Amino acid sequence: MKLQHATWQEVEDYLQRASGIIIPIGSTEQHGPNGLLGTDAICPESVAWELGARHDVLVGPTQSIGMAQHHLAFPGSISLRPSTLIAVLRDTVTSLVRHGFTHVFFLNGHGGNIATVNAAFAEIYSGRSLRSDGQSSGALHLALNNWFAGPRVRELAQSLYGDAEGGHATASEVSLSWFARPEAVKDVAMSPRIAPSGSAQCDAEEFRRRFPDGRMGSDPSLSRIEHGERFQAAAVEDTWDAYRAFLGEGLQ
Amino acid sequence: MKLQHATWQEVEDYLQRASGIIIPIGSTEQHGPNGLLGTDAICPESVAWELGARHDVLVGPTQSIGMAQHHLAFPGSISLRPSTLIAVLRDTVTSLVRHGFTHVFFLNGHGGNIATVNAAFAEIYSGRSLRSDGQSSGALHLALNNWFAGPRVRELAQSLYGDAEGGHATASEVSLSWFARPEAVKDVAMSPRIAPSGSAQCDAEEFRRRFPDGRMGSDPSLSRIEHGERFQAAAVEDTWDAYRAFLGEGLQ
Amino acid sequence: MKLQHATWQEVEDYLQRASGIIIPIGSTEQHGPNGLLGTDAICPESVAWELGARHDVLVGPTQSIGMAQHHLAFPGSISLRPSTLIAVLRDTVTSLVRHGFTHVFFLNGHGGNIATVNAAFAEIYSGRSLRSDGQSSGALHLALNNWFAGPRVRELAQSLYGDAEGGHATASEVSLSWFARPEAVKDVAMSPRIAPSGSAQCDAEEFRRRFPDGRMGSDPSLSRIEHGERFQAAAVEDTWDAYRAFLGEGLQ
Amino acid sequence: MKLQHATWQEVEDYLQRASGIIIPIGSTEQHGPNGLLGTDAICPESVAWELGARHDVLVGPTQSIGMAQHHLAFPGSISLRPSTLIAVLRDTVTSLVRHGFTHVFFLNGHGGNIATVNAAFAEIYSGRSLRSDGQSSGALHLALNNWFAGPRVRELAQSLYGDAEGGHATASEVSLSWFARPEAVKDVAMSPRIAPSGSAQCDAEEFRRRFPDGRMGSDPSLSRIEHGERFQAAAVEDTWDAYRAFLGEGLQ
Amino acid sequence: MKLQHATWQEVEDYLQRASGIIIPIGSTEQHGPNGLLGTDAICPESVAWELGARHDVLVGPTQSIGMAQHHLAFPGSISLRPSTLIAVLRDTVTSLVRHGFTHVFFLNGHGGNIATVNAAFAEIYSGRSLRSDGQSSGALHLALNNWFAGPRVRELAQSLYGDAEGGHATASEVSLSWFARPEAVKDVAMSPRIAPSGSAQCDAEEFRRRFPDGRMGSDPSLSRIEHGERFQAAAVEDTWDAYRAFLGEGLQ
Amino acid sequence: MKLQHATWQEVEDYLQRASGIIIPIGSTEQHGPNGLLGTDAICPESVAWELGARHDVLVGPTQSIGMAQHHLAFPGSISLRPSTLIAVLRDTVTSLVRHGFTHVFFLNGHGGNIATVNAAFAEIYSGRSLRSDGQSSGALHLALNNWFAGPRVRELAQSLYGDAEGGHATASEVSLSWFARPEAVKDVAMSPRIAPSGSAQCDAEEFRRRFPDGRMGSDPSLSRIEHGERFQAAAVEDTWDAYRAFLGEGLQ
């Protein structure tokens, strides 16, 4: 069930039987010569929508823009400052808590979001932990799950690409985005075949100096729609395991 | 052309021949008994994507969450504080300006966003106007356009619904959202047929007191997918007129 | 009754019989060759003080600086960023709510404030709507009323100036400011007689390029003190109607 | 010369011959049984306007609301948080610097503003001092001057009231405000004659517990309009000395 | 007792018998040719630790970085913006209040911190004073005490150095820091012997222009470890008096 | 070389031959029954000071308070919100960049800081990456290194404690803090011997519910001063390797 396609009464009904929600979060940033700017949002959204189709779980609106400052030297990249993204996540979670949601599960498609999303969780919890008025705030469970880091997905990427998988603009994410958006497949040659590796801890100008076409250690010319279908299946299973474990938190 | 489906090189090429972009902006908020929580994002997105399909204009990622504090007493509504949304728009525009965009056109689906988006524009311009270092910042044109307020759309709504159109959860927006998402059509009876009218200038509890099922002055049971198709056509024409006029700004 | 001229006990007494307050809000910005930098504050202050003299209504301190970033290329203009003005209004309203005020009516003299003031209202309401601790916050009614937009004022401006009224540094506001501050009347020739028209949605440098002497579409050489007296009378009546209607909110 | 009563061309002319400005800053807060809520703004405004009448010095718009959190348990008091007031002063000074002002002199009427105004100066200077791009920002001189702390004013208060002057809602400030606003004189008995003394470093509830009628160590029943006239004369001389010394800064 | 060297159970026990804490706060900034960058943190820390050794009082972690924007043109100086330091102190005090501390006593070593720390206190109190939900927040006492301004310290500095004490990088603070850190004594000649005097109300470039080697009006070549020992003794006594008086607040 | 014990001229000299700095960062938070509240600051400080003693590397002032919201239900814990800590690190790095430092290496003692420190790095880089004025900002290298995560330290902890090492209030960190502060060794029995394990992703109340005496999966009764000496030696070597590799960044 997609929150965007539900009425408020349908959400009200859902809250009678559940209090968890999955929110896809990605980024709008360059993904090398043949990867889509929306890759990091499209991938977790595709996985989350499939989960919403198979199971009785609500899927919230995709946060399409993330923390991508290091990609800003490539046209089309859009970035929120960490402080801005923290405010967005705080308001989003606070809105959901008001309705009675107790488990908010962010399904993430962008490594560059991880620190900021975790800092946002700490900011949200700080508001509760710094209260001294003796009022209990009730339970709030927050999770960040990376679709690309589950065991089935990792294994599949290793078996298909080995060391050519790399760290950014990888064949696995390009494949999944193509499966989700077959109308946007690109045919672009890579040179060198495998991009240079290194750290992304730097500003945008330095990043482009280190990684001239945007890829990090990857060869996304290996991407295939049919691979994407297999990544989708693997990610759906990995994520469902993680989500169910997350729902169990606080139940012991 | 959708930015989310483009590579960075495709955006680089686009910037050789154009410097404008359309960004859909909506809200995630209750839309009465038969309207989707995503209505205000789905409508401008649908119009913008059609423009991107017909014309050589880039369409950015949809901002699906807006300023919807007054709807928060209805489950599923998610709101950003005005200060948060201002930060989001500031970072988005700043990212685009870095790439060379000079005309950013927000196509809006939510009346509640108007004040905050205009305040965000003023915040962005303030950063330039308060500089005293003598450096020119270059031209920056920002526009907010409401898909529901163009002349063809207004006329169509009047001819189809007259006074039953109302102000929130209107038959026109519900029709357009159903046209864009036919899988999400709902069949719900309205009681009373036309909802009470009044001001939305209040907090969430007071809003729900004033408008018990979320509608404001509307009868969205009149909504039809085929109406939505006509609204889409009208809005595409209205918006294209507005966008071309906007591009002309600063060219005299 | 002016709050600035009252003791706290007098305000305490007032709150026994009323819970509304009028707060003039303006701007400090260029108003063309013969208009005062304080025009936008002086006009609503003059109207509000007359209301306070005639009726049992408390008038708060004038907010003399507003959002005027687009005027900053003209010497003497002072602007608050929207985020700053939002904070000012939030703290002002919060202070008043603490004392028991339930209806805060901002009488505005500057079109450029409108978006930011409405965003400030939404920011204030967001603080209440995002609470999830089940505590009722009590009613809070906020209104923004433009002295220059009431029916009697509009009609008078039309009858006196027709199309020469324009959009900024208008003869109507200059007349009213001169009536309120006769010691500050200026005699300056206008060239061209009617200033160019256009949009003020831009930064300060661009604004000055579009509107070289600061006027927008107006001929303020038509201004007269005696016109100002008539605008004062019309605005007092328009505003009193609006204020009484506002007080009725929430009483049904 | 009052900035509020000048045109932008008059300010442009002034900047040809001077680059200093005086800005009155006060507070809106209880001043005991017979003192006006606006006392702290009215007093420095009255002194500054007289300076503007006598000398070729520009006087900016009065900042009528200050940092008055400790007075909020008394009806009518309005307070800005320190962080808000810092933003207001930062934007005000930044606006003036854009026009070429180099010496901004705040004439203050409220002890509770002192720490925050000095913190605001440090915030403004921090923006310049933390720059590392090698660009010189040009000279900027900022001063905070308390009208009530000059030598002539101190001496006069001592000679008129001795120990009954006290620390808040003093006879000296009440006298000056009455001189400036004779229509607002109040006749109220004090009990006890001299209010209790103590520290104002506390929150609003605690302040009211310590100082039940709002006065701190004072007997403002001694206030007289004719005293106010003498305080005005003394403050005008004290302030003019201070302002001229301030203008000399950076000239050595 | 040092909080940093205690377990949480030891603090829990302490809170059974006391609710006050001393927190040293300083700065990291140039202190002229022979003064340590850490002088302003080392001095109050040394005094506070001695108090913690002699008396049953808890001493919190030293805030080593303060507001030092004017010193940033000298290598090694580190400064927090006032707005940042306000947030640090707000979070620190809020954490302590949660545990039951009611008296927080900042022992300060840096004149440049005074305005910002007092503004931080006002920001903290504002959060309580602006509440309108009728909930009492309980007593909170905050004090700022400068180790260098107590009567015994002032007298000792006068007797040892007279006018050569000066205002920054003084012989008294250098002596105390050397007593606390004898391994860091420097032997540097001063030229001129007594540094120029003036105001530090300016940005970093201007400060360095006014005070070329960083000293203000002082001759720190007079510093001696044995003087430092006497300053330590004097400051311990001055501070203990001040702390005990502070604890008495609210007990009447 | 400790920055706190250096003069500004000594730092100026250092910058002639180096441009890197090590800054210890920790937390003030409960560390179970026998661990010090200052453990997380004391450990990296001890390692950094030893590095500063052995090598020509500057060590900045320790940031003793970190992000510790989850520990706030244990007396003595002090936490900065992520947004506050981000501001502190931004100002600290900006100060250092002004002086010419290009490599800032944070030596961290607290797992709870990791997300926020990385978000702070992204916030700092965002300021550079979002600039569109074509000015190069110069290279800036930022690193976060956890003393407890180096290979020698990991191996030593495994060999000494195996599974009893745990995740918070570990024997390794308690041992190192005791080595650094032998006067603060505590003798406290543990019950149960090994604390429960789990996630710290929650607010303070929930954390205390999960981990009643503050430990996570550890048995710190195994701590010994002599172990601490070995951890210090291992961490010094691990960190020096990491620091030298970091300095090499950008040199290729």
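The chains carry the letters A, B, C, D, E and F, assigned in the order they are written, with residues numbered from 1 in each.
The rule we apply is simple: a residue touches a chain if its C-beta (ideal position, glycine included) is under 8 Å from a C-beta of that chain, and two chains touch if they have at least 3 such contacts.
These are the chains along with the protein names UniProt gives them: A, B, C, D, E, F = Creatinine amidohydrolase.
Everything numeric in this text was worked out from a predicted model, so none of it was measured.
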Chains touching both chain C (Creatinine amidohydrolase) and chain F (Creatinine amidohydrolase), listed by label: A, B, D, E
What are the mutual neighbours of chain E (Creatinine amidohydrolase) and chain F (Creatinine amidohydrolase) in this structure? A, D
Taking all residue numbers at the chain B (Creatinine amidohydrolase)/chain F (Creatinine amidohydrolase) interface, are over half used by both copies (same) or under half (different)? different
Tell me which has more C-beta contacts between its two chains, B-C or D-F. B-C
Euclidean distance of C-alpha centroids - chain C (Creatinine amidohydrolase) vs chain D (Creatinine amidohydrolase), Å: 24
Centroid of chain B (Creatinine amidohydrolase) to centroid of chain E (Creatinine amidohydrolase), CA atoms only: how many Å? 53
CA centre of chain B (Creatinine amidohydrolase) versus CA centre of chain D (Creatinine amidohydrolase): separation in Å? 46
Mark out which residues of chain E (Creatinine amidohydrolase) touch at least two other chains, giving numbers and ranges. 72, 79, 81, 83, 91, 95, 98, 129-130, 137
Pairwise, which chains touch? A-B, A-C, A-E, A-F, B-C, B-D, B-F, C-D, C-E, D-E, D-F, E-F
For the complex, which residues does chain A (Creatinine amidohydrolase) have touching chain C (Creatinine amidohydrolase)? 91, 94-95, 97-98, 135, 137
Which residues of chain F (Creatinine amidohydrolase) touch chain B (Creatinine amidohydrolase) in the complex? 129-133
Could you please specify the touching residues of chain B (Creatinine amidohydrolase) with respect to chain C (Creatinine amidohydrolase) in the complex? 67, 69-70, 72-73, 79, 81-83, 86, 112, 114-116, 118-123, 125-126, 128-130, 136-137, 139-143, 199, 201-206, 249-250
Note which residues of chain E (Creatinine amidohydrolase) are touching chain F (Creatinine amidohydrolase) in the complex, please. 2-12, 15, 28, 30-38, 41-42, 60-65, 72, 74-81, 83-84, 87-88, 90-92, 95-96, 98-100, 181, 183-184, 186, 188, 214
